[in-house]
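Across the two complexes that follow, subunit A remains constant while its partner is subunit B and subsequently subunit C.
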Partner chain A sequence: MRLSVAAAISHGRVHRRLGLGPRSRLDLLRNLVTALVRHERIEAPWARADEMRGYAERLIEYAKLGDTNERAMRMANFWLTEKDLIHKLFKVLAPRFQPHPGSYTRMLQIPNRNGIDRAKMAVIELKGNPFPPLIRPNRNTEKTLLNQLLKGYREDMQQAAAP
Partner chain B sequence: ALAVVFSPLPRLRGLLQRCWGRLERGLLPGFSGGQSPPWGPALAVQAPAFLPQPVNDTCESNGAPSLLDSIFWMAAPKSRRTIEVNRCRRRNPHKLIKVKRNIDVCPECGNLKQKHVLCGYCYAKVKAETRLIRLEIRKKEGGPFNAPTVETVILYDGEKPTEKDEGKRIIERPRKRPSWFVQN
Partner chain C sequence: RINSDGKPAAFQPPPKPVIIDKQKQREERRFLSPEFIPPRGRTDPLKYYIERKDMIQRRKVFNIPEFYVGHILAVTTADPYANGKVNRFVGICIQRGGKGLGATFVLRNVIEDQGVEMCYELYSPRIQAIEVLKLEKRLDDNLLYLRDALPEYSTFDMNMKPVSRLEHEEIPVNKLQVRMKPKPWSKRWERPKYNVKGIKFELPEKKMEEAQKWSQPWLEFDMLREYDTSKIEEKIWKEVSEELKK
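Up next, the complex of A and B:
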C-alpha cells in the first residue's frame, strides 16, 4: 500500500505533459499532424514529434480502412483541421501505404535549435515523400561485428577453395 | 550572546527615546514631524539602526515577531570557507562540464557531427533544396487549401516523366539534378 504520495517526483512516469493542459496538448498534436499531412516533412521539438508520431501512424491506419468507413471519416475530420487534407489523406496517403504493414513515418534528430533555448529538434517525414532524401547515416558499415565476421568467413572460404 | 544583547536594550531604548524627544522638541527646529534626520541612533551591536516604535506592554509578547525583531535570527556563515573546501566544491565532477565522446566525421561532407544526430551541413543543404521545391509548389497551387489529390514528382532540367509518373503532378526545378538526389 502507498504510504506516501510523492507528487513532485516523476520517476518512471511515461506520459508527457505538453502545452497548457490535456486539451492544449491535443490541439498542439493536432496542428502538428495537419502540418505533417500537408507538408510531408516537418521540423519540430523532439518530444512533440515523438508524441505526434504515434497519432499520425494510427490516423493512416484508420485511413487505410477506406473512405466509406464512418469511424475513419470521423477520425480524419477531428485530426485534420484543414478539410482539403482529408481528400489527400484518403486518396494519396492511403494507397501509398497500402502495401506497408506499419511504420509510415521516419523521425531523425537534428542539431539543436539556433535560438536562445537550444531545444532538441527532430525532423519527421512520411516515407515515400517526393522531396530530396535526408542524408541519413549508414548503420551497415564495414566495421560492424557482423560484417567483419562475414568478411573473415568469406576469406576462409576463398582460401579453402583456391589451393 | 543573544541574552547579553537583550538586557541593556530596554535601558538603551529609554535613553535614546529621551534624547530623541529632546531633539524633536527644540534643539533641531529644522526637522519637525516624522521626517528622517541626518543622523540616527547608531548601535555598536548588530541591530537595526532605527529602533522599533515604542510598543505598549500589552503588545510586548505578540504572536509572530515582525521582520525587524527577527533580523537577529538570520542565517549567516560562521567562518571563512578555506580554499581547500572551496576547491573541493568547485572541482567536484558533477560541476565540471562533461566531455563528449560521441563526435564523428560525416562521411559525405567531412564536417563534425554527433553520432546519433544528422549532419548539420548536409541537413541544411537538403532543407534549402526542399524550400525551393516548396516555393514552386506554392506557385503551382495558387491559393491556400489547394492540396492535390494525386502524388507529386519533381523533375530537374531536361528530364521527362517516365511511365511510373503517369497520373502524378509534376514540379519543375530549373537546375541540374544534385548528385545526392537520386531519381527513382
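Up next, the complex of A and C:
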C-alpha cells in the first residue's frame, strides 16, 4: 500500500510542532526534562508537558539500563543540561522506579495562566516525590458521631411520617 | 601381521572419524523476514495476525529463501506472453519494501547497456521460483545509489551459476565502495540523511563539508522515534517457526 507523503496532511503524525523548528522543539523539551528531574514537580503549558512526558519516561527507562551502559550515558548526557542531575538520575530515580514497569509521571491540568495569553497549563510530577499529594482524597465522613446521629434522626422522622 | 602368540591378529577396523556436528554446536541462526514485523501505528493487531497466517500458508507451499539487500537472485515468474510461459530475471536486490502480503523486492541488472529494475512481490502466486545465486550483504540497507554508479557495478550475467556456500556460516559483508558517475545524481547521496556507507566519494572536501550542513545531530537522541522490535520479533519468530514446522 503506497501512501502519499503530502506535507499539508498530518494524519497519524505524533509529534507536535513547538518552538522554531525540530531542533528548537527538542531544546525546549530538554529544558523541561532537566527541570523535572531537578524539581520533580513543574508547571508548564499543557502541550509542552504532554510532549515532555513521553521523553521523560523513556529517559527513566534508559536510566534503568544502568550506569555502565554507553548508550544510556550518552542519552542522559544529551537530555540533562545540568550535569549533576545525571548522578541523581542514575543513583536516585532509577532505583526508585525499578519495581514499576510503566508510568513514572503524573500529569494534571490546572487553571489557565494568569498572564495575557491565558494558556492551558498542566502540572507534571514524578511519582514518589517528597511533596504533599496533588489530589487530596476526600475523607469518608459517614462514620463520624455527628453524621451517625443525624442519620438516625432522619430515619426516625421518616418512620414517624410514613405510617 | 602376526601376534606375539603366533596367531594372525584379528582384523582391527580403522578408527572412525569423529564428526563434530556443527549444526547442533552453533545455535540455529534466526532469520525473521522483515515483512513479518508490523509497522508502528494504531491498526488492530488482528489484521497483522490474519496476514501472517496467509503468509505462512504461502511459505508452506513455496519456499522463499533467506535473503538480504545485496544478494544476487534469479526469479522465474509465469508470463503468458513469453515462449515457454516462464520469464527468468537475474539481478542484485537493491531494496526490500512493504509489510505483510504486499512485501516487495527490487532487482537491478544492466542488460545490453540498459539498466533494468524489476519489482517483484514476494507472495505473488505468479512467482515460480526464487534462487539465491550469490550471498553477500552490503554496507547499506538499500542500494538505490547503484542507479548513479558506474554500470559495471550493476551488471550480472544472466546465466550466472549459483555460488556454493556452506550452511550455517555467517553471511559475508562486502565492503565494496562503489564509484559514481559524474554529478548530477538522482539524489544527493553525499547528504547525511541517506547515511550511505558504500560509496567512494571523489568530491572535493568543500562539497562534503557543505553537505554536512544538512545533518541533524539531534535525531539520534530523539527517543520517541525509536521503534524497539526485539520483543515483537521474539513473539512472531516463535509463532512463525512453530507453524512452519507443522
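Heads up, the rule we're going with is that the second predicted complex is superposed on the first by the 121 of 163 C-alpha atoms of A that agree within 3 Å, B and C clash if a C-alpha of one lies under 4 Å from a C-alpha of the other, contacts with A are read in each partner's own complex, and residues count from 1 in each chain.
Definition applied: a residue touches a chain if its C-beta (ideal position, glycine included) is under 8 Å from a C-beta of that chain, and two chains touch if they have at least 3 such contacts.
Just so it is clear, the structure is predicted and the values come from calculations on it, not from any experiment.
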Just to be sure I read the superposition right, which of the two partners does A:58 touch: subunit B = first, subunit C = second, or both, or neither?
second
Who does A:66 touch here: subunit B (first), subunit C (second), both, or neither?
neither
In the superposed arrangement, does A:88 touch subunit B (first), subunit C (second), both or neither?
first
Between subunit C and subunit B, which one touches more residues of subunit A when both complexes sit on the common chain A?
B
Check whether A:152 is in contact with subunit B, with subunit C, with both or with neither, and answer first, second, both or neither.
neither
A:78 in the overlay: touching subunit B, subunit C, both, or neither? Say first, second, both or neither.
second
Contacts of A:12 with subunit B and subunit C, given as first, second, both or neither
second
Now for A:96: first (subunit B), second (subunit C), both, or neither, which partner does it touch?
first
Subunit C to subunit A touching residues, read off their complex
41-42, 98, 102, 216, 218, 221-224
Within their complex, state which residues of subunit A touch subunit B.
38-39, 41, 82-85, 87-88, 91-92, 96, 108-111, 123, 130-138
Give every residue of subunit B touching subunit A within the complex, in rising order.
107-108, 114-120, 122-123, 125-126, 129-130, 133-134, 145-154, 171, 178, 180-182
Which subunit A residues qualify as touching subunit C in the complex?
1, 12, 14-15, 22-23, 26, 54-55, 58-59, 62, 74-75, 78-79
